[in-house]
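Dropping the structure in here first, questions after.
Going by the order they are written in, the chains are A, B, C, D, E, F, G and H; count residues from 1 in each one.
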């Protein structure tokens, strides 16, 4: 493209996926992410790709498994209740070491909840959701541009590490428009000798499988997978630091809340309060070292979340409980206002 | 009963549920918990209750929702992959404030994994699984007797707080037999004016629902629910302390691993090492204060888990990272041996 | 214009989101940072709709406009709801053909435009939104009608390019409305 | 007998789990703490089966018997697998009609019982497990055959009480086998 | 003699009643706008009404009461 | 002239071949026990074999090869 | 003068949130009329599904539970098994019942669950803004079939009454519509029978109502009723697809 | 002398883990023979399901993916859509396909997904130890129907071929069995046709094979074959339930 165009976050994800070489998309309608499927349904036939509306979220994630098993790039997207239904499938993808990108444009929960933006699936996304020992790489975009660029990155990481990458967005990120530039992308080329392509009678059959009836073998695959996770934790964690050089108070937030927090921080700085922000871009691996780096310098941390306080635990663990971490939250589809965050900054900073 | 009988853990759960007044059970076969359903299918017709094998785990949890909505006690059980499929339904139960007991007799994961015992659904159970902000009360039995007694307690807690209680067991707990005494139980009587019983044209309709299109209303229900959670965290946390009076090293483990750990601790004590154990019985609420009480006294903690290290984070948070917490784990269906735990105790204790 | 926070509010079906996109593209062409955020809901037809648009010289933090510099009120409930939120010194554009009452605030500039009526009179009943937007382009410094073709070309879908002219006309009518 | 760790091992279908339950109930009646843990797997038919039984005066920690005081080996793979695990001074019971080799360990007591053969000869071919269990009851101090009726009454299902006598007979044959 | 009454406030102006009336005596008001912003249905010739309730049968919003 | 060969090691002694053989020339060995602990099928009268492959057709375990 | 037509008692006074002319409203009223006439209001428990009718609980004067998308038959099974003396019905759209809820529908029928299902076939996902449903007609343009439903690529419409008619457990299956006065009356008779069956313990009844979605069809309410006649009914013929209520049980 | 019968090439040398006399083994062999005969071994991708045949990937000499319980048709859809030139088949039990997988089965058929499904109906959940399946016969005792399947309480058997025959998308549906030599041969012809259809791009083919579970039926292998004749076939009549391969496409 080169040129900047205005796009909804949901559309940016879809377009970026196609640019990244994802020629297969399976989904099931749900607000607030329907535009992903709508966009795919228009574009895929034009580029020779496959858009298929599945009969359910469960069918969709299992179709994803099918394509991933053949070694091609594939994506599905949904919103909170639909992601819950994909839990088993995501666990299978992990157990089969299959690469795939799964998008969650979160809405308020639990249950049917509401359709307004939320970040209440943080735990679900970073701590399983599905059963068993595994991790997904979790990317949290905070702009429409990042909706695109992290989607592209997601596909590369998925292929590189043979695992699920989740894009954890929220209704606001999905619905808002911003200028976005989707470069002509060179997708990472990863050899996939394990892929199911038919033996052609030339090699032994490839098997994609997560069943190990012998527990020692299952344990070994888990141990091996965790070695990979450890490596990822060391190399792939990403965070943005904003005005952190001299910060005494560290606000931390991801996605839409990080943008609201920026407004509050600007205002606080204007009032002379030394506050900055760490914005985790990867929620798993959590960018612990970025926090640790500032644990001594800062006297307090504030975790701004659109949920009842989920990331806060990761922050506490990252700084090894060295400093107090305070929660500043709204939930159920409510978005915190800059004033609320500012008030919390002042409260924590002891400023009247 | 009064008399002790030998029962499998799975059967003890089923019998205890019936004794607790649970007259409706819905399930779907999966190893290693099939005995729950098998037992129910034999007994329910005799006691005038309902056993129904659902077409899937998803159908089962939604049948549970139906019965729970009418105010009656109801249970379902499954094992790891099946529990993943229930994620959406459990989130709905939470969002509708419905009481129910859900049993997870864990097996190795991720994916199809294996059928040997595991504790790798700790995160899934204590941190959502389903979408949105909510908690389940999570009970972790460590004997067949507790499989029974915690099931009974589970029904009472579920009714008292209008929420899901999960029994988090593992294949070993489900399959082993021990003597068990199931007293003649007086189930807690809880009024359920919210239950769907037909208006009889005498009252306004009752509505069981988790949808709130106005985010401020959804937020309010979440805030209110978290007030309840806070109260539960203060009053319902349970842990067993074993030789902790003078312990310098604290082993912590739940379920089957706590039993293996006891062997190791006995041996270590015999060798003069001051080691004890905290066994959380409620995994949510996590018995933080029990840990905190010993955080100064102990120089190190060892979390023994049959997974890749999940509870360890709760331990770290509980002691506010005051002391190192070391992981001693097996996974994928492997059970740690007492020797392995003993070796870790010695290592941590600096004993040769 | 360091940052311009604009809030469009009215009924669904009044073209609120389209006008917002128009302004956002206008900003883009002017080299601004821009963001556009709709309210979305299950009542996609009828019910209220509003749209936050921010044009700024700096990177945009929150895309949500709580305190608009500019409010475009296309029905009474919207005016009732947002009048007090407008910043002191801000501007309120009122479709006076649908809203009978006057704005109570005295610390803001108010422009009454009978946009719906004007649009009907000009035989483009669905373009009241663009009429009032025309007025906005006139009154807000830094904006203007210099690049209408380009902006409209972007936001009107390829199959409906014939609508470009209508929109231009509506904007011009609003722009010149006194 | 502070604690007795017993491991039964053999083919599926040899009644391994039943014998284990018998011993567990025996322990229960003797006022012991008891636990019983089967190996479970998808090969419910054929394949190997084993069963950990613990009888103890103290609360039982792990129900898994890694280091048996008593091993009952009902086929060769089981003897091969577990022989070395038996504690020094422990006891190994071998079904010598199915296992031809001798136990190599010299620090344990070994009892060779041609249980399968004996059972066949007594026209109860499926009860080799109880024959060898009879021998075990004889040789392990603290156990015995005093309350066979009660124990068997518990573990034989109501509809099959006729089997009680068969089992008693098998146990007795084993008990008296020299 | 028959009578139809409209709960005008909740009418959505869908005109299904208009089409249903065999007597063609229902119209959407061209002038009136109800609180929901719809032009509500009105009966323009009550005397012709035969109380057949066709209008009410087709009304999705229970706007119409018919008396006879 | 026909011949059947059994991969005795993998025979499970299910006897489906026994029933299938029109010539009744297959039996489960009463003496032999294979590594899996089963009494394997054996042909007791190879000369009578007509090579019809009924046995092999019914064998779930591909134990039997038939030549003719 | 007597009132010959007014809002049934089993409907609340809340005004419906449906789009102008959407026939969901007519069907709600029919169900309520039947509940009135059978005098079961105090004994009825409704199960709302996820779709435009998600808030059905606001409109009926009976106890209600809101079920997860597609799972209403399972929830209804729980409710009914808890108290078989209650009259339990679900109200489900075609996305809900014929896509994600296929298994729950088929198995409730197979169990001959003594419940009543009101199935609204409007050939589209209404609430989420008009995506293709399993029942979308071949060639029909929707948000996710922008070039028209291509049966070669995405398959053929699922016809629920036809499908379920081969299930032994199903008791009574009828397809009706509400596009004119006569059909509304027939629809009501069918719905009444479906509830009556439950009262009499006859088992699983499902009424498929061919309905409209003016908003997402992009047609006026009147044109939508015509579309039923011209396009929907040829694909979804009205009639009784199964009825074993006459048989010995 | 020439070899007239031996293990097909598409089967590996691993010995099957099935119980003695279980007809899963015969059906595996038939599938492999067909793959051999159609010379598609190098192009075939199998989808294993969760059931006794979960480890089918060990036995076939072709690429394989192991699907979650009930989801094999969805996984197969992904595989096939990724590369339509491959021949994709699923091998599923009755618990897998007719219970938890109902929606995936129905919708793969409705889509006329160009895949082949081998459906093993043994009227029971074999792998988990013999629970009631949707296909369990009325009165049949299983672990979860200890007093015999009571159709009043738990419903009637689901007959997959009959059910799917009303789905427009379904191309070819046949029910076969393997209880004697003649039937084995017929079963093979059906399976061959089901694969051949896919090769020719004709769409969705499903072969239901009435099979045994000696272990959980509590019958000897031979008695199990008899039980097919006496009890299973009356409930599950053999035959072609749908075949539009002759029609214009």
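In this text, a residue touches a chain if its C-beta (ideal position, glycine included) is under 8 Å from a C-beta of that chain, and two chains touch if they have at least 3 such contacts.
Note that the structure is predicted; figures quoted are calculated from it, not measured.
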### Task
Determine the set of chains touching chain B that also touch chain G.
A, H
### Query
Computing the C-alpha centre of each chain, which chain sits at the greatest distance from chain A?
F
### Message
Comparing the two chain pairs, does A-H have more C-beta contacts than E-G, or is it the other way round?
### Response
A-H
## Note on the structure
Here the gap between chain D and chain F, centre to centre from mean Cα coordinates and rounded to Å, is 37
### Message
Taking the mean of the CA coordinates per chain, how far is chain F from chain H in Å?
### Response
26
### Task
Provide the C-alpha centroid distance between chain A and chain C, rounded to the nearest whole angstrom.
34
## Note on the structure
chain F residues touching 2+ other chains are none
#### Entry: Shared-contact residues (touching 2 or more other chains) in chain C
41-42, 46
### Query
Among the residues of chain B, which ones contact at least 2 other chains?
31, 52, 55-56, 58, 81, 88, 92, 96, 111-112, 115, 209-211, 213
### Contact footprint of chain B on chain H as seen in their complex
50, 54, 66, 68-70, 95, 99-100, 102, 125, 127-129, 131-132, 134, 143-147, 153-154
#### Entry: Interfacial residue positions of chain A with respect to chain C in the complex
4-6, 31-32, 115, 171-172, 175-179, 256, 259-263, 266, 335, 337-338
### Message
Touching residues of chain B toward chain H in the complex: what are they?
### Response
28-31, 34, 37-38, 41-42, 45, 51-53, 55-57, 81, 111-112
### Query
In their shared complex, at which residues does chain G touch chain H?
99-103, 106-107, 110-113, 134, 151-152, 154-159, 162-163, 165-169
### Message
Considering only the defined contacts, which chain D positions touch chain B in the complex?
### Response
21, 24-25, 28, 33-38, 40-42, 60-64, 66, 154
